[in-house]
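Got some structures for you, see below.
In the two assemblies presented below, chain A is common to both, partnered first by chain B and then by chain C.
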Partner chain A sequence: MKFDLKALRARKEQVQEAHFEYTQGKISRRDFLRFSSMLGAGAMATGLLSPLERFQMDQAKRLLAQDMAPTRGGTIVNALGIDTTRFDDPARLSLVFPSNYVRQVCDYLVRLDPELNLQPALAESWLPSEDGLTWTLTLRQGVKFNHGKDFNADDVVFTINRLIDPETASGFAGAANYVTGAEKVDDFTVNIHTDRVAADFIYSLFLYQAAILPADWPGDFFTNPWGTGPFTIEEFAPGEYIRFKRREDYWMLGADGLSLPYLDSVEFVSYPDELARISALQEGSLHLAPASITLIDQYQSLPGYDFKSVQTGNLHIAIMQFNQEPWTDPKMREALKLSIDRQAYVDTLYLGYAIQGDDHPIAPGMYPLAPADQTPRQQDYEQARALLAEAGYPDGIDLTALYIDPASDGGFTEGFALFLAAQAEPAGIRIALQPTPDYWNIWLDDWGPNHIGVSNWAQKNTASEMFNLAYRTGSVWNESHWSNPEFDALLEEFDRTLDQETRVTQLAQLTDMLSNDGPVIVPGFRQDFATMVSKLHYNLHPQAFVWMADAWLEP
Partner chain B sequence: MDQSLEPVLSQPVIQKKNLWQRVFALRRNLTVLLGASILIFWVIIAIFAPSIVPYGINEMASGQVWKSPSVEHPFGTDNLGRDIFTRVLIGARQMVVLPALSVSLAVIIGTSIGLLSGYRGGWVDEIIMRVMDAVMAFPVLMLYLMIIAAVGASVVNVVIAVAVATAPAISRLVRGLVLDLRSREFVAAARMRGEPTSYILFREILPNAINPIMVDALVRIGYASFSISALGFLGLGVPPPNPDWGGMVSEARNALIITPTAPLLPALAIASLVIGFNLLADGLSEVMRTER
Partner chain C sequence: MLRFILRRFVTLLITMLALSILIFGLSEVLPIEPALVILGRESTPEARAALSEEMGFNRPLPERYVNWLVRFISGDWGDSYRLGAPIQPLVMRRLLNSTILAALALLIISPISLFLGVIAGLYRARWPDRAISAGSLLTISLPDFVVGLLLIIIFSWWLKLLPADSSLRGADIDLAQHWRKLILPAVTAAFVLVGYITRVTRVSMIEVMDSPYIRTAILKGLPYRTVIIRHALRNALIAPIAIITTQFAWLVGGLIIIEQLFNYPGLGSLFADAARSNDLPMIATSSMITVSLIVFSQVIADVLYGLLNPRIRFS
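Moving on, here comes the complex of A and B:
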């Protein structure tokens, strides 16, 4: 992640010093909180800090939070990352929000923490075989499912083999199509076989669908919500709310050496309307909620709440279909790329709470092996116009942008489409906007000449996952119809290489190819925003995962 | 409203003064004056907007979202940092043109249907009027949604949708007028002269029904402004980046708590336009009643 460690440390020291004085009884709790909020939220409100500094302050507060001893008990009402629709089978999940229910009830073999570090979960360790085709997982002992069964290798074999069974129709089978089967070695050791070397295999165990279910699971998740996770479902009203209760015997321990979670219960409540959320926050009946950056002033003025953000690898994207005019000409792709001012994207759409993108989907600092920083291309209208002329459009070109209509996504994509049109116009690229209610029915079709698509993507666990979904020739979600044999070959090599240093170089080559020649415009990577009661200690996850096990509430 | 217009019909209009004298005489009616002033104000704005506005309609001021009115941005800014003053003024262009256009279309369709239905009578009248009843039985907004959902949102489609939804009511009004007029002596005389039906309809009946049709149309233009704004509010209006008052209210809804002016000013603009048309229509029907 991109931030100045030195400045961060300085601020952290200031806050820690105050914390020390507070613990020594030299300053009152109120003064301490005032001081830390002055460095954080207070300073933000005055607008004195740069977005980078605000981000650092969040980090500092997070570190500070880790210094404080968590307390137990309490209930949280949450509207963040939820979609209270019913589903039968976690293996068939395709959206992140419903997966957040599974996260409270079940565990995965591994997990990515909010800093995107891979952490052991039900698997304690993993090791590839000499030929790289078999992964041996050592499982955690002494774990119990919430219906009483002991967790062992049978459950992992059951879950993995069910995921790759074509009858299950799980997204896992597509995303991790190299997995051929799981085999029990002993009660707490499992071998997972792949048909080719897959360097990123271990990350696939944290795909939404890969929650570990017990071998005796009879199906229908909400009737049989069996898992090893930190909470159990107390009550579920589809479309309205779902209430989770703390489990007494969760395997993961908190800072105080006792079983997590710290909270007694968590309620996920559906508030589709932002105004309704704000009034619920005002009256104190909601503790944690997603927030729009454009209403930041409003959120920051809510007493007792903090506005928080987390850098993500989520992106807006403009797609220039590789097999359609005029995008068959690399000059035209470059011309449109050159007409975008990436800093303006960051400032206009996210008020600075975003980082610049360089026309490939791998956010710097947000993926394993990716560089911490990158220097995107600069806006250059003159050169864009020159390229247009060279490509045979001296008078500019008229394009139509297809995009997800505001009725489907609340105008989230339209904002970017408007921005794109405004940016491209001075270069002579005139973009007419066509909101498209059935965008998700046509997004993989040929759109015909002189079209672009405007859409958005969520961050993936690994670069390989992203490329194999949308950029390899003929891959399932290749919306740009891009096909580059050189890229395909390097991607295959990247997937097969186990040496980390080589992979870093390969990834840089892959992203360079996309950036220089590729069919997409990625102007930046946004932060996600939430507001939460100041007493709540909860780390936002860059991938919109909600996991309440280590959240705690000050008394 | 239809009933209140009835007395106007009881006699064929006699042209006492020329058109300009009549229009000029209207200034003495305060209601007409007020309504006309509001409308003339918006028409002037619509014509000169491009040379008045300080920014482009899609020009985004970096980081300036939901700002309250200031010297740089007299009406504040929206969620993308665009100048609301600019967008309200430019938005006036379509709000002055589109409702009038859709109602003109509706008047042509509705009048033709009403003339035919009223003059022919019998089973033709019966069938046409039952169809019109069926269309009118739909809640208007539902009808718009169905039409726009079927054909897609664009300037032309919005005009068509509003025209289709408005025409049946106009046809009912015209039919009522025709039923009264067709039994008059001058119609009977024309018929005896052997004039063709089209001559009787368009040269004898229509000129004598035109006043109530015009007044009715003015009121309907007001309602059409409202409908077009409602479509914009629902995201089914004129596609972006064209500023749409209804769409602006919808976008600014969430900002009500921080910058109340952002949704309020476009809403006021819509209201003033509707009120302008209604005042003008009220005043005109008043004048016509007294003129008689």
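Moving on, here comes the complex of A and C:
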């Protein structure tokens, strides 16, 4: 599709148009706000709210200021990082837990809040150029790094160019492979160039690896933990705990007009054993911890604690390799999909704390533009058996499921594998379970005929990121070896379209293609659980990001 | 005596050398690709190959073994793949924690089990023996996590006397500050061993009381008390003390479940985590440390045995 020059130039009109679409009910309110902030027009969008909405917003703000004014001080000990792992370079992060230590010390250019709305951080605003190949970022002024240096454009240029340097070997270079470089315009303006139009570019600035480091950073993060973020590292014992101390001169202000954070310090402590976590909660030496749904009764009976959950886009997945028998036959893919009762998945594995999936990874409400009215397949054994017979398997078929060994993920994947095998059996699909200790060595290989893979995925920032990682032909993590030229072409179009309504339609088409013809079963999207002291005001993030700057503790 | 000790030390060195070859060989045959563990699953094959080359994984096996052994002996234990940090300070920190916990556990175990064992041996087949034997059987059969949980429920949830969370903060363990956190894990560990050592002591006591020289002493008309204290105990305690010494290694390096239950930062959980996360250098180090602990405590037990037992002392 041709890139629409005019539409870009008339950004303001676009936002107004998007607002019109929103009032017409064509896009959701959240998508409207996301879209306007994506084009750097967040304030403009607020100006477009109806008088009633503005009144409600002001009301909320006033309530916040009067009754619920955050108080300062206190320490939060949390067990949200499963492991206190050391690493040298934020640019090489690949796991969310260590990235959460970076989040306390460094800032990103933008931030996805727990509502999944994009917020300005070190970048105050951003605008694409007319050809859509350059994004101009206006940076925040008056920000200081914790080692004393003033933040300016040099640091952004240093960070971005370092991320895309092959020497750095950053995951950023793969996930945002359209970024070709950053250049300083003046002290507080930076141009970032891309080699193709990437409508979701701005989200890439919140990839784990994109934490802004100062231009004079000498390397080794735990020796030189330099950043503009809300906390500094006070004490660190690898594998045991890490303690962060409040910074006095953080740039972001709280509701009381003073520098964030509200808390004096935050500790991440490793509690690998859930029983040990519960006894630490019981005696109050732990304030915030992940919780598993199977122990919900125990957590809910802890006095002074609240059990909280947050919907995520994290998923279990069953993979039918597209280039292997019998999955080359779409009837066989459909037959396996039809044998799953998705409500049973939600009820048995998550006691209802999950939503049904429609055999593609884009969870409703969890991604910008995601189709809201997803109607997953109903279980239909009769039709599944008929399809099997049509495909040449009147007596059913024997399969082997490869899945992540319970020793390495605590049985998290095995639970779904067992469920899948039990569900498929009555359709005549007999699945033998094969826990695979080296699953992550073989997950991208050809598994041979009559295999499925059972695994799981974390939510990504955008649908484009997910598809370009795992569903485009030949993409780096394409475990199902799915290849559909039509899908690839539409994905490319989706990536370069800036018109919001078109993108909504395109994404719906993409997810439909995956759902109808695709090589994966996504039975549902789970919620994440945590228990926290009732006095703590802290919002869980759907992507398991931890950012303690605006958390506060009632006295 | 000196020759005896010397001989034990030579045997020890040979044993450890053999075990080091075994440990090194084991980490060779494990299906773990170090570069993959370090760089993660999104790394490119080229980057992994380059790292393998850099880390010397392409050199001949004997050369690598000698390099590894020399570095290990000189105290350079490499970096942990999982934690990305040098192993030596991590292990030393945990070793100190574990040694303190083990010492505390032994302080509880020794007087109780020796006393009860002697009593049971003296009152063989009468009610004190029956009660002690039944009690020790009970503690032996209760697994450590059950004991730990019971203690947590009673002493920290119900009575709110002692903390169940034994995680530590600060550069090093500080007894003045942390002593309360040590009690429950130490008592749990003690619980598991106390029955076993009591039974060993009982058997040993019975054996000694049946021996001809005790009968002679009694027939000679020595007061019963003198016979027990001066003649019997000395010999009866040799075996239990030797066994207590060998258990020290287990208490230092093997308390995996107890450490996890109380979240106590000891060696056992460090090693267990290493095994779970394919952390080869840490696995190799932990195996070497555990083996050294066991072999050393065995030698110390032998030496103690020799010192206490005149038949060995004078031969």
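Methods note: the second predicted complex is superposed on the first by the 485 of 555 C-alpha atoms of A that agree within 3 Å, B and C clash if a C-alpha of one lies under 4 Å from a C-alpha of the other, contacts with A are read in each partner's own complex, and residues count from 1 in each chain.
Keep this in mind: a residue touches a chain if its C-beta (ideal position, glycine included) is under 8 Å from a C-beta of that chain, and two chains touch if they have at least 3 such contacts.
Quick caveat, the model's predicted, so the values are computed rather than measured.
**Student:** Clash or fit: chain B against chain C, after overlaying the two structures on chain A?
**Tutor:** fit
**Student:** Please work out whether A:271 is in contact with chain B alone, chain C alone, both, or neither, and reply first, second, both or neither.
**Tutor:** second
**Student:** If you stack the two complexes on chain A, which partner ends up touching A:352: first (chain B), second (chain C), both, or neither?
**Tutor:** So A:352 only meets chain B here.
**Student:** Figure out whether A:297 sits in contact with chain B (first) or chain C (second), or with both, or with neither.
**Tutor:** In the superposition, A:297 contacts chain B only.
**Student:** Which touches a greater number of chain A residues, chain B or chain C?
**Tutor:** C
**Student:** Would you sort A:407 into first (chain B), second (chain C), both or neither based on which partner it touches?
**Tutor:** In the superposed model, A:407 contacts both chain B and chain C.
**Student:** Is A:70 touching anything from chain B or chain C once the two structures are fitted on A? First, second, both or neither.
**Tutor:** So A:70 meets neither chain B nor chain C here.
**Student:** Where does A:396 make contact in the superposed view: on chain B (first), on chain C (second), on both, or on neither?
**Tutor:** Neither partner.
**Student:** Tell me the contact category for A:421 with respect to chain B and chain C: first, second, both or neither.
**Tutor:** first
**Student:** Quick check: superposed on A, how many Å separate the nearest Cα atoms of chain B and chain C?
**Tutor:** Superposed model gives a least chain B-chain C C-alpha distance of 8 Å.
**Student:** Please write out, lowest number first, the residues of chain A touched by both chain B and chain C across the two complexes.
**Tutor:** Common to the two interfaces on chain A: residues 275, 407.
**Student:** Looking at the complex, which residues from chain A come into contact with chain C?
**Tutor:** These residues of chain A touch chain C: 83, 85-88, 92, 94-95, 169, 171, 174, 235, 237-241, 243, 267, 269-273, 275-276, 279-280, 282-283, 285-286, 407-408, 437-438, 440-441, 443, 476-477.
**Student:** Would you mind writing out the residues of chain A in touch with chain B in their complex?
**Tutor:** On the chain A side, the touching residues are 274-275, 278, 292, 294-295, 297-298, 344, 347-349, 351-352, 405-407, 411, 414-415, 417-419, 421-422, 433-435.
**Student:** Once bound in the complex, which stretches of chain C touch chain A?
**Tutor:** Those residues of chain C that touch chain A are 31, 33, 36, 39-44, 47, 80, 82-85, 90, 93, 149, 152, 156-157, 160, 163-165, 167-170, 260-263, 265, 269-270, 273, 276.
**Student:** State the interface residues of chain B toward chain A in the complex, per the touch definition above.
**Tutor:** 56, 58-63, 65-66, 79-81, 153, 234-235, 239-241, 251, 253-258
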